[in-house]
Amino acid sequence: MIIDLFIQFIQMLAVLLLAPLLTGLVRWVKARLLRRRGASIFQPYRDLVRLMHKEVVLADNASWLFRAAPYLIFATTWVAASLVPTFATGLIFSWAADLIVIVALLGSARFFLTLAGLDVGTSFGGLGSSREVMIASLAEPALIMVVFTVAMIAGSTQLSTVSVFMLSPEVGLRVSLGLALVALIIVALAENSRIPVDNPSTHLELTMVHEAMILEYSGRHLAVLEIASSLNLLLYVSLISSIFFPWGLANANAAPAELFTGFIFYVGKLVVSGCLLAVFETSIAKMRVFRVPQFIGTALMMALLAALLMFVTRSL
Amino acid sequence: MTPLLVLFGCLGTLLALMPVAILCRRFSFVSQLVYVTSLMASSTALGAVLFHLLINPTLASSLQLPLGLPWLGAHFRLDALSAFFLAVVNLGGAAASLYGMGYGRHEESPERILPFFVMFLVAMNLVVLADDAFTFLLSWEFMSLTSWALVLSHHRQRGNLRAGYVYLLMAGFGTLSLLLAFGLMAGSGGEFGFAMMRAGELSPGLAGVVLALTLLGAGSKAGIVPLHVWLPLAHPAAPSHISALMSGVMTKVAIYGFIRIVFDLLGSPAWWWSMVVLVIGGLTAVIGVLYALMQHDLKRLLAYHTVENIGIIFIGLGLALAFEANGLNALAALALTAALFHVLNHSLFKSLLFFGAGAVLTATGERDMERLGGLIHRMPLTAFAFLVGSVAISALPPLNGFVSEWLTFQAILVSTELPQWSLRLLVPAVGALLALSAALAAACFAKAFGITFLGRARSQAASLANEVDRLSLGAMLIFVVLCLLAGIFPGYVIDAIAPLTRLLVDGNMPVQAGEAWLTIVPIKQSLSSYNGLIVMVFIVTSASLSAFVIHRIASRKTRRAPAWDCGFPDSSTNTQYTAGSFAQPIRSVFGSSLFQVREEIHMPPQGSTEPARMTLRMRDLIWEKLFAPIEGLVAATSARLNQSQFLTIRKYLTLVLVSLVFMLMVVALWR
Amino acid sequence: MINEAFSYDVAHMLAGGMLLVSFMLLYQDRMYGLLNVFALHAFVLSLSVAWEAYVNQSPHLYITAAIALILKAIIIPTALHRIVQRLGIHRTVETSVGIGATMLVGIGLVALSMALMLPVTDAADPLARQDLAFSLSILLLGMLMMVTRRNAVGQVVGLMSIENGLILAAAGAKGMPLVVEISVAFSVLIAFMVIGIFLFRIRERFDTVDVQVLDSFRGERK
Amino acid sequence: MNLLPFNSLIAILVVPLVAALGLVALPGYKSTSRLNVFACFLTLVFAVSLVLDRPPVGTLLFVDDLSIVFVILNTLVGFTTSIFSASYIAHELDTGKLNSTYVRFYHATYQIMMFAMNLALVSNNIGLMWVAVEMATLTTVLMVGIYRTPEALEAAWKYFILGSVGIALALFGTILFYVAAVPIVGQGLDAMTWTLLITRVSAVDPALINIAFVFLLLGYGTKVGLVPVHAWLPDAHAEGPTPISAVLSGLLLNVALYAILRFKLLMVANGDAIAPGPMMIAMGLTSLIFAAFMLYPRRDIKRLFAYSSIEHMGIITFAFGIGGPLANFAGLLHMTMHSLTKSAIFFSVGQITQVKKTQNIDDIRGLTVSHPVLGWGLVVGVVAIAGLPPMGVFMSEFLVVTSTFANAPWLALPLTFGLLLALGALLGKMSGMAFGKPSGGLGPVEASYFPMVLHLSLVLVAGFYIPQPIVVWFQHVAALLG
């Protein structure tokens, strides 16, 4: 019991600490790929600390919602992230929420983000929010469909159970798994506002989505939002890895050694995926906002196809 | 003193209010009197039915009055199903009365509302209580009639007359279809008692016809696509607490009608019924929310959302039918529980939202979101309540809307147990529709709340709005609390629904009360489980913790300044996103086919200073393709036939001669 | 008492005569001619009713015959003459359907009534059967006439020829109580009275009794 | 037992006649209208007393359970209508639309009409019944023409011509029946006495009475206003004085229907004759659907409700055509409800047209604002006639529809279609008139609301509670009707 609690706690802490690192890594690799020297991978931590100590400049008609939103967003994202097994399965609170809940938690984070974007009443905020909900309205169903597929295969929506099942030999190689993986990656790109859907490192109005929403934020609020977004990235990476690449996942009540190896594995996965992401982002161009729907729509279609395949082929 | 008698006591009180309201219409105290009394009566009734539902749900007490059909009498019955829906009805009624006590003050002609308000409550109660076809239909149509009168209470406003007309016409259509359905079930013997209908067996074909008729009848009242057209016209037209009743409660009474007939009276279902219901449900959900996204009239938006939620409920019902038809009773119970849970939830947050809209209406006199904005500063409590409602209806944890949707997803996930291929193909597609509608709902309420309450005021009225009175706020806060409770303690609700599922599909979900930490477990722990309480606690603690830590270790300094807006701040409020522009991306994705959206941008000629203009054209294809043709056909036919009414006497005589000769020939040939 | 066959032939002849006169009415297209022929129609009727009375020894039928003779053969035609004169419509050609077509239809109607009546009335005695058949055809022809006439007087005449057919039938029905004849006479009386009133009033307001003009165009006609 | 010194059956005939004479003699408006009301009331009392002591069956006159229903309904509506017409005619006098001689004539004719209708209902002799129906028709013709406007004259003329053709057809049918009956029952009055016919009709030659029934159906059907022989009805309703419209819709149509029912009984009693049901069903459905369509283009408020009368007569004929205890009960109930409701509607319409000074629907707006009682009265009336609960018509229509399931379920479809069609039209017109911004005359109403309120409350109560004796009575009659 105590161990379980401890492990849960460790995980929550781990994701919180590792998240900025992942972001920093991605930025660094991208910089290197562009033949730039690039900031150190620990730069995000410094930024956060600096932001935290700055004073907050609130727009005149910002409401209480504007001030509460960052913390709510952070909290929901963090809770979601801490429910995804990173290096050990069988988390004590895993039964409190299954995959669908995780999706919904991210949904509520997004909901408050869009509201925050609308709150000050600037044109950019509205622009960001409206585009965000458009993207989400396609990405979320796709995610749910992926969840369906996975749940069909593993016979459960509990993430721990799923990853344990994925470790077991009877998974086999399935078409629908492949489809679901691709769909999930596309959704992940969209939800983390990465290229080609959005560009986190620009303030060019034509391309902004995520940045436009948090344009009015400053100081600690901005810091919290930054942590939340890097948590989001981490969450998706660990989600993908724990479903499709669950190798090295330790069991919760395993020996410390196993846990440690599991942790090493996990960090390894983070590094690999971070590099892959950077390579991907540098190798393709940002697409126009109104081609995004087709892009995510394909994800939805693939996920739906995967789910249909599962529903038909299951119990045959 | 059985609950049923208490119930009838309350109904009697409400009925007695009607003449009072008419006779004392001159006095100012009457509106308070009526609302207070109806509040007390409804809450008493609520207590009675809750007592029945929680203490002895299995036994059904019935009552017969020497009214209605002479040789049949009026039968009333209180079983678990009716108790559940009565709880929904009377909860809504009580809250509406409370809200009305405050809201009614601003009413210029209360005599057009009060008598019908109480009768409306009575009618809805009677529908749920009725235990024979005649009483059922009488109360059903009476319910429509009284609500029609309420829709017309502001009959001088443009469009309300038409709204009322379309509404009552559709209601008549529904009643007649139900009448046919009951006629088929009663058979040649004309046994109109529900007990006898339960006993009777129908041939599969006839049962299918009855299902179709019930879908037409109950569905048209619930607002399934494409029979929903009256709903977004009528619901917003009524005063807001009536809108809340119509949207939050009356549609549920329609759902009750469907459940009562299809699950209870009609006997064992055939599997293909579920196909029909599922398809209708999925389409209704998505189309409803898409329509809602296109609205910028706050109340109409809410009305269209009712359509969406009805779709979700029908998805649950369809799944329940599918499972029951294949003898998977436990799973049927799961699906049915999901549907009923959503019935409860929707009645909660939809009433809440309509109350909020009503508050905005009283404070600003505006329903058009394009003229609102920034109300969160002027009316913070209303804003908070509306926010909670929005989160709940967008199916976001930890509020109640999510739980029922989660249960529906679980039911979809286990539908691989179904033997029929077509169902296995259909269900995930419906699941996708459900997920899509959920996401769109979130988008829609981000828009509804964001444009109405956030940003800067878009009109004088909005900038001068004041918080509404305490009673209205009280009514809203009650629902806020209920939404939260139903969200974090779903287990109790599920257990309360269990008797219904036992009654209807004789199966029930595992008892949730025993689960540790108030978790809910649809089938078994390893499959899936959800704990609203833990999620809630986690979110709250981590949020407050982080806030606390940051404020403690880092800065807490705050400075107010003009908005930055990328360096181009603009004082004019017109630069904000409007409801229309917020929905534009989604419109461009989904709207092109369903609404035939056409956007034309007229740029001013070179060098001229006038602004560029964009015109947006949208069409309601469902109306244009389905109802307008019928309208036209009737008009054309009657115009054509009307020519025959202005002939010369000679021609009429010819008519007589011809018909005489014709009939004589018939007789001649008959021999 | 004269023998059955002879009385039968006479009755047959008279009834057939009436039918013939109905045909004459049908192709009359002048007002005065129409009225004269109608007078003849009523006269034949009274003859046949009288014959029925004589054959069946039912004296009350004589009253009917008298009513028919006096009222229909003399008073009404003359009155209508007056009206026609006063309205100055005696010159109008007032059939609306071609004579030939009317005749054909008429013959068809007669055939129909024969086909209907002759087989069915075996139970009733042959005399009644004949009368029924003839009177039915007279009735139908009367209606046909009302249909084909364009103005009020023509239609009234048609109506009254229908009445004649009815009386023929009533007289033929053995021992039919007095009620009926009285009622017939009475109804015809009312008929004439009301028509008179109407024609008079119509004269006040319209310059013609053409029924087509009577159908005013209320706002409803579109 | 005999409560009265003389036979109340005679009384319901004598009272109107005497009253008619008196009304012709009496000068002055007030007294005559009072006498009119009083005479109607007296007739009503006697009619009700018929329930208590049933006079013996005579050769000419008789009452049975069927006719008593009609007689009481007839006299009741006649009574209330006389009350309404008192105030209505007063207004017509003030506005000079009628002068005193015409009013005297009007009242006398009113009584004669009542006499004729009662006679038709209690006559035991098919010939006498015919005479009575025709007498009623002709008197109403005179009433319709009473305003002497071109439209009124045209309406009366049309009514007269079509009516008398109907007369002729009905008479021919009657004669045929007699001829058919003679061989069995023997010559003379007996062959026309209904009570004798019903016992012996089974032996009558079916082929002859088949033809007879065709003529009777068309002949009396003209009075009932069945499509396609309905043409006189809308004009007559629209152009006559409104009380007469009420009487036409509420009573005369019923009387004609009563005649058809009597012959239907004979047809049924004779085993081999053609079944009258299908013909009545066909005509009923035609009338219902056709009239429902005709409701849409209406602009004249009285015409609107005239067509609605055709529609409901169609429903009733349909119900009786279906036959069987349930359908007949439904038919009787629907006929009663329709008489009460429709006359109530005409009461309110009469007052509306007087205060608004127009019959044009488009010029009548916002009644519930300008004249609340009238407006809501109209709303309730239309709601009732459209068959919405909790009014009595809902119950009867419920029964009519469900009764079809006993033997011909598919007939329920056209029936409900027609009902829905009519519902749509009536509600559309009504909501336009009752709600919205008031327009037209805003003057006060001096007429009494009593008749309208009485009828509507009766209909309302009947919607969910019918006293047991009446139910038993109706069920008995329904059984009689086979």
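Going in written order, the chains are labelled A, B, C and D, and every chain counts its residues from 1.
Here is the rule we go by: a contact is a pair of C-beta atoms (placed from the backbone, for glycine too) under 8 Å apart; a residue touches a chain by one contact, two chains touch by 3 or more.
Predicted model only: the values in this text are computed from it and were never measured.
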item: Joint neighbours of chain C and chain B, given as chain labels; value: D
item: Result of counting contacting C-beta pairs for B-D and A-B, higher pair; value: A-B
item: Chain located farthest away, centre of chain B as origin (C-alpha); value: C
item: Averaged-CA centre spacing for the pair chain B and chain A, given as whole angstrom; value: 35
item: Inter-chain centre distance, chain B versus chain D - centres from mean C-alpha coordinates, in Å; value: 44
item: Between chain C and chain D, centroid-to-centroid distance (C-alpha), Å; value: 31
item: Rounded Å distance, chain A centre to chain C centre (Cα mean); value: 100
item: Residues of chain D touching at least two other chains; value: 157-158, 161, 165, 207, 211, 297
item: Per-residue overlap in chain C, given as positions that touch at least 2 other chains; value: 116, 120, 143, 146, 155, 214-215, 218, 220, 222
item: Chains grouped in pairs wherever the two touch, ordered by label; value: A-B, B-C, B-D, C-D
item: Chain C residues within the chain D interface of the complex; value: 116-117, 119-124, 128, 132, 135-136, 139, 142-143, 146, 152, 155, 159, 162-163, 165-166, 169-170, 172-177, 179-180, 183-184, 186-187, 190-191, 194-195, 198, 201-202, 205-206, 214-216, 218-220, 222
item: Of all residues in chain D, those that touch chain C in their complex; value: 125, 127-128, 130-131, 134, 138, 141-142, 145, 148, 150-151, 153-154, 156-158, 160-161, 164-165, 167-168, 171-172, 174-176, 178-180, 182-183, 187-189, 191-192, 205, 207-208, 211, 297-300, 303, 360
item: Touching residues (chain side chain A, partner chain B) in the complex; value: 52-61, 63-65, 71-72, 74-76, 78-79, 82, 93, 95-98, 100-101, 104-105, 107-108, 110-111, 114-115, 118-127, 129-131, 133-134, 136-141, 144-145, 148, 151-152, 155-158, 161, 203, 205, 215-216, 219-220, 223-224, 289-290, 293, 300, 304, 307-308, 310-312, 314-315
item: Chain A partner contacts - residues on chain B that touch it in the complex; value: 373-374, 376-377, 380, 383, 387, 391, 394-397, 402, 406, 409-410, 412-413, 415-417, 421, 424-425, 427-429, 431-432, 435-436, 438-440, 442-443, 445-447, 449-451, 454-456, 517, 519, 525-531, 534-535, 538-540, 542-544, 546-547, 550, 553-555, 557-566, 569-570, 573, 575-577, 581-586, 588-589
item: Of all residues in chain C, those that touch chain B in their complex; value: 96, 109, 112, 115-116, 120, 140, 143-144, 146-150, 155, 211-212, 214-215, 217-218, 220-222
